[in-house]
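By letter and in written order, the chains are A, B, C and D; residue numbering begins at 1 in each of them.
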């Protein structure tokens, strides 16, 4: 550091001042990224960095949330029912090491992401692609037989066979079986045909009784299915990407065709997510097979991307620096020389660092400091709407919470304006599950009425909360909202305790429905109400309320088939109305992104998805 | 060996003092010395006040319920209603400090008891038995001594904390008490076990040293010649004499353990909501220093003063019980 | 002498073995596995991951494999905090930082502590003595997570003398505040121990002999008294280093120092077993070495011990 | 020829929590050059404090020089500053202490500690200083001193360590050596050898010695003159021979009576009853009144303190009639 020595302690030049001179943006980025391979990470901090070194088919626009800026694709069109999309790639698209970027890279990327042995945690983001789910879940029976038009039995009947494995204990075993056969029978049933190895398949071929089939499947067909599975297993389980006819194809080096399982008018908004980014095929394969995890191709010094910047330095837990990528097609318009991401988890330390002139912009701001910042440093404070909702999950299997009237009473008891003024400072009181996204306006049904709440409770047979067991609110970190909810529900007569668990147990408890109520929140991935509504369907990993409604899911499916956006949104509003009438989850507040930001940072506008394109940012103090 | 002449007064006065009013046991002699130590006396009074405040006063109506929130009255400065003002959720800070104090002191006392019992037993056995047993025990102590203490405790408490739920169910089922009564203790149990199980090392060494020293004395050989069984000699003759260093060490362990619990709470591994301790309060205060510094000031002052008085008391006891070694 | 070194080496290995075993089973006993994530991880993906990392094998087999790897010096890969990255690579960058901070803290704590102790002992029962002891007592009682933010607020933000967080390897100004916060507790302990040790020695007869020889008071203190006076504080050096190492876990999170302390805490929260094992073993071996060095200094100081060891 | 050391009415008081302790309450004493003067008295009589105050080794506070002079070769030691006193310590006056086990620095080699006085006062270093030290060790009778000089104190026995102390005291050829109960901590056989060494070296070097002990037999063996102290004051002083033949003060007579060597076989041993008074609460008159069985306790002065008078040339005694009264039996 230039300037006077440490001992004399005179005022030194702050990092921000020197960074302004050098054109380097200093960004507080909360957590240390776990890796920089777009196919193997899920966190928001990672997405911030990936969006600087990679670019998808469609790019983010600096100021317009729903403006689809051209990325690697110059333009794109779709067929009448929006199931077939064609993206025309940029002729001069280059990777940062000079290699040409072609449609084949995209096909390779999506195949790698969906490949079962890569086990990418975020693979479901690509399920909209036709047959992507079947391929990712390695549903061999379906791919080898179901998709073969010439197969003697349709998948609608064959599909009922035990391909995916069942609960082993429920398998009945005739008395005549000795121990071995029972064990084998149970083991095969538990795994399901798709996961049986060659030896097991051969055993079933020799002794068909070892595996239970539904009666509708004739014996001959059973033989063919097992035969094909055995041939596949004995061939070393080769890749079934082509056999599964996954809906992505390179018509020519600069034209990419994507076929979807159902119409999706908002596909351009979805492909902006980092899971749809291309990865450099030649670099990945140089460091190992397609499906090797963490082979080091995405390390500092080896990472090759196609974004406005390229990875320069990565010091663990210290900072990550990306510098300008000369080979980016729009390099001329990039305003910064470099961006430096600092992983500062403690929000109070981050605020202190910002005020001490060590950061241009922070990841977040502790709610308590909002008031003070509004007084002292209004010029630094930013409060912008953000695609997220804070809510209270209810376990509908619990006594009392199984009655929608009790659940609605809880929602009515919450005074959302007060919560947003004192606890979720800077947030907007929630009026529904889905915040206002682009032109979507959900049903405005949430309001506060304590008397009606008490009436509803009495009506449900629990006057003043009598007869209801005591509930525990599960939370992962000591957030004031749990204390506030405890007091609010006490007004209703509900006995509530707070139970804090560390992060892992908090997640596990919800997934296994071992909770009464749980504080939760959800950040949308793309700019469409379905990112907030699809999760409340049966079996969805993020539902965790034990609630499902056939009517609700029918409406979602209906909306998915409607190409026209206005009609689709109307159907989705009807679906959200059902959700809010049943109230398995009680929305409390719509997120705002609250952070500190230096005025000299230009080209930075409020965006609901908070995905500010780094190439549009400039520094002029 | 006559005492170095630098302090001639002692030899004359002490001897004549003893002669005139009959023998005075070691204890009364120590107590009189302690009473003369002003710092120790002030500490004693302060500690009794703090214990009274934390354990008895909350049952009286004058202190408000620490859990009651008044969101509009947040971060209020000290006033008639709230002597210490309110915290970021509008809860009365004084009430929270007192409740927090109760748990911090409880953790300090119980954990010290746990480490005392373990330390004294192992130290006594090692000191008295000598030979292979002593070598073995001391090797164990050396191995444990070089463990990264905080790290192991974090692991321990992370583990214990996640199983307290099952523990609470087990106890409530076993004893039939209602769950709310059992929960606080099982909640804190991991802390007691984790810190206690690893903080007896120094004590075992001190006890071993004094037991070894005493075991060599003539009065022990005399007792053995009378045919007294080992455990009787150990617990009736040797340990009462070693009680001096033990008491001193105990008073000095309590602050160390309380400081330790606070560190664990700072890392989020210590006391869990809805219970709070001084450590938790100080952490919240330190975080919110920018918006309301009182949240840090009041709990820190009370916490530090308690630790200071415990240290002064410990020093005072050491001077009173063991005058030779620490005449300064 | 070599017998002592060998015996200590053996004991060190024993410590590392105990640490490895303790850590392994404690982490495995945590109820949540490393494969849960904020967003629900599809079950088929989790099964694949468990199979990949050997979590599906029986526990004893895993333990044996783990010990085998550790014996060969392979610390394994992190599963959560930095997925897929070799723990050795992570520690290679993080460990020097923690070591630098720890040494800097000791460099501040030892001289300051010992000097304060000597001055307090020489000026016994006078103003200087009470002042030093009061500050020392405060140093012991004030938790580092109070001192840290207060120093950061005062010297960092208001006076802007030192940076508040972050780390530049070659720039000492980043190290000052964390090192002072970390070292204060040890400095306080050392000053009290030095004072007691010095007072004890200054009362010895041979000090009077030295004075009777006409030796200047400063020489009497430094040449005669200091060697004996340093024995109690030196005995504390080993545990002081251990406390500094443990304390770094807290200080590193306050000042955003990219050391192994912070890594350790994050690994605990996500039960990332390999990344817990790494720091624990490093901490363990550091402490074994520190204790051994402290004993060597003890031997050098006290010839009586040397003759019979 | 003026005496080498002339102590006049020395008073040293200690201010402690229990009040002012008048450890030395008006002591006068002379030592001629080359003379071996003895001071004898029970412990707590102030004899060690008197000796230590000459070299300023009494810690102030709590100690304080309440009055008196200590002329040494023309200068008053009590008025010297620390730095000036250092010039005398170990050069003109050196001391031998009582317990050899603790009087040597256990952490430094014997050689270092022996050479130190030479370094301070004669600026000697290295080889020449080492040789002087080895000679000094040989002079006190330590076999193959050249090898053993590099050992540490704990490798020497009590007797040998005291010899080292003697060597250290004499290495700078001082004018006066103060020996504060040098052999009390040694067992009898070693005591004899050490005393032999001291007497031999004293004769060879002609150094004056102030020999402090509570053992009457030793005083007569070693000293030319004797001063008896009790409760911080001199009760009687005379030449060794005069005192042996005609002790006048009841306390001195009591000391001689209680010396086991003097008593015949079979008769009861005499010992002075009670114990010395508390120096913080000294009685007004004669301090020996309660214990005076050999004189006439009733006649002991009560209102004012007895003073030293010269009852015969070179023989002074406290003028307390009770103590001077002859014993009845």
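Please note the rule applied: contacts are C-beta pairs under 8 Å (C-beta built on N, C-alpha and C of every residue); 3 or more make two chains touch, one makes a residue touch a chain.
Given the structure is predicted, the values throughout are model-derived calculations rather than measurements.
The minimal number of chain-to-chain contact steps leading from chain A to chain D is 2. Two chain pairs are in question, B-C and A-B; the one with more C-beta pairs in contact is B-C. Among the chains present, the centre nearest to the common Cα mean is that of C. With centres taken as mean Cα positions, chain D sits 54 Å from chain C. Computed centre separation for the pair chain B/chain C is 23 angstrom, with centres defined by C-alpha atoms.
Mean C-alpha positions place chain A and chain B at a centre distance of 49 Å. Contact with two or more other chains is made by residues 346, 348, 352, 502, 505 of chain A. Of all residues in chain B, those that touch two or more other chains are 6, 158, 162, 287, 289-290. Counting partners per residue, chain C has 30-32, 149, 153, 205, 208, 253 as the residues that reach two or more other chains.
The residues of chain B lying in touch with chain C in their complex are 4, 6, 139, 142-143, 145-152, 154-156, 158-159, 162-163, 255, 259, 262-263, 266-267, 269, 279, 282-283, 286-287, 289-290, 296, 300, 303-304, 307-308, 311-312, 325-328. Taken in their complex, chain D has these residues touching chain C: 55, 57, 82, 85-91, 94-95, 97, 99, 102-108, 116-117, 120-121, 152, 154-155, 165, 168. Contacts from chain C toward chain D in the complex involve residues 204-206, 208-217, 223-224, 227-228, 301-304, 307. Residues 30-33, 36-42, 44-45, 48-49, 52, 77, 80-85, 90, 93-94, 97, 149, 152-153, 156-157, 159-168, 171-173, 176, 253-256, 258-259, 262-263, 266, 269-271 of chain C are the ones touching chain A in the complex.
The part of chain C that touches chain B in the complex is made up of residues 11-12, 14-15, 18-19, 22-23, 26-27, 29-32, 124-125, 137-138, 140-146, 148-150, 153, 195-196, 199-200, 203, 205, 208, 238-239, 242-243, 245-247, 249-250, 253, 264-265, 268, 276, 279-280, 283-284, 287-288, 291.
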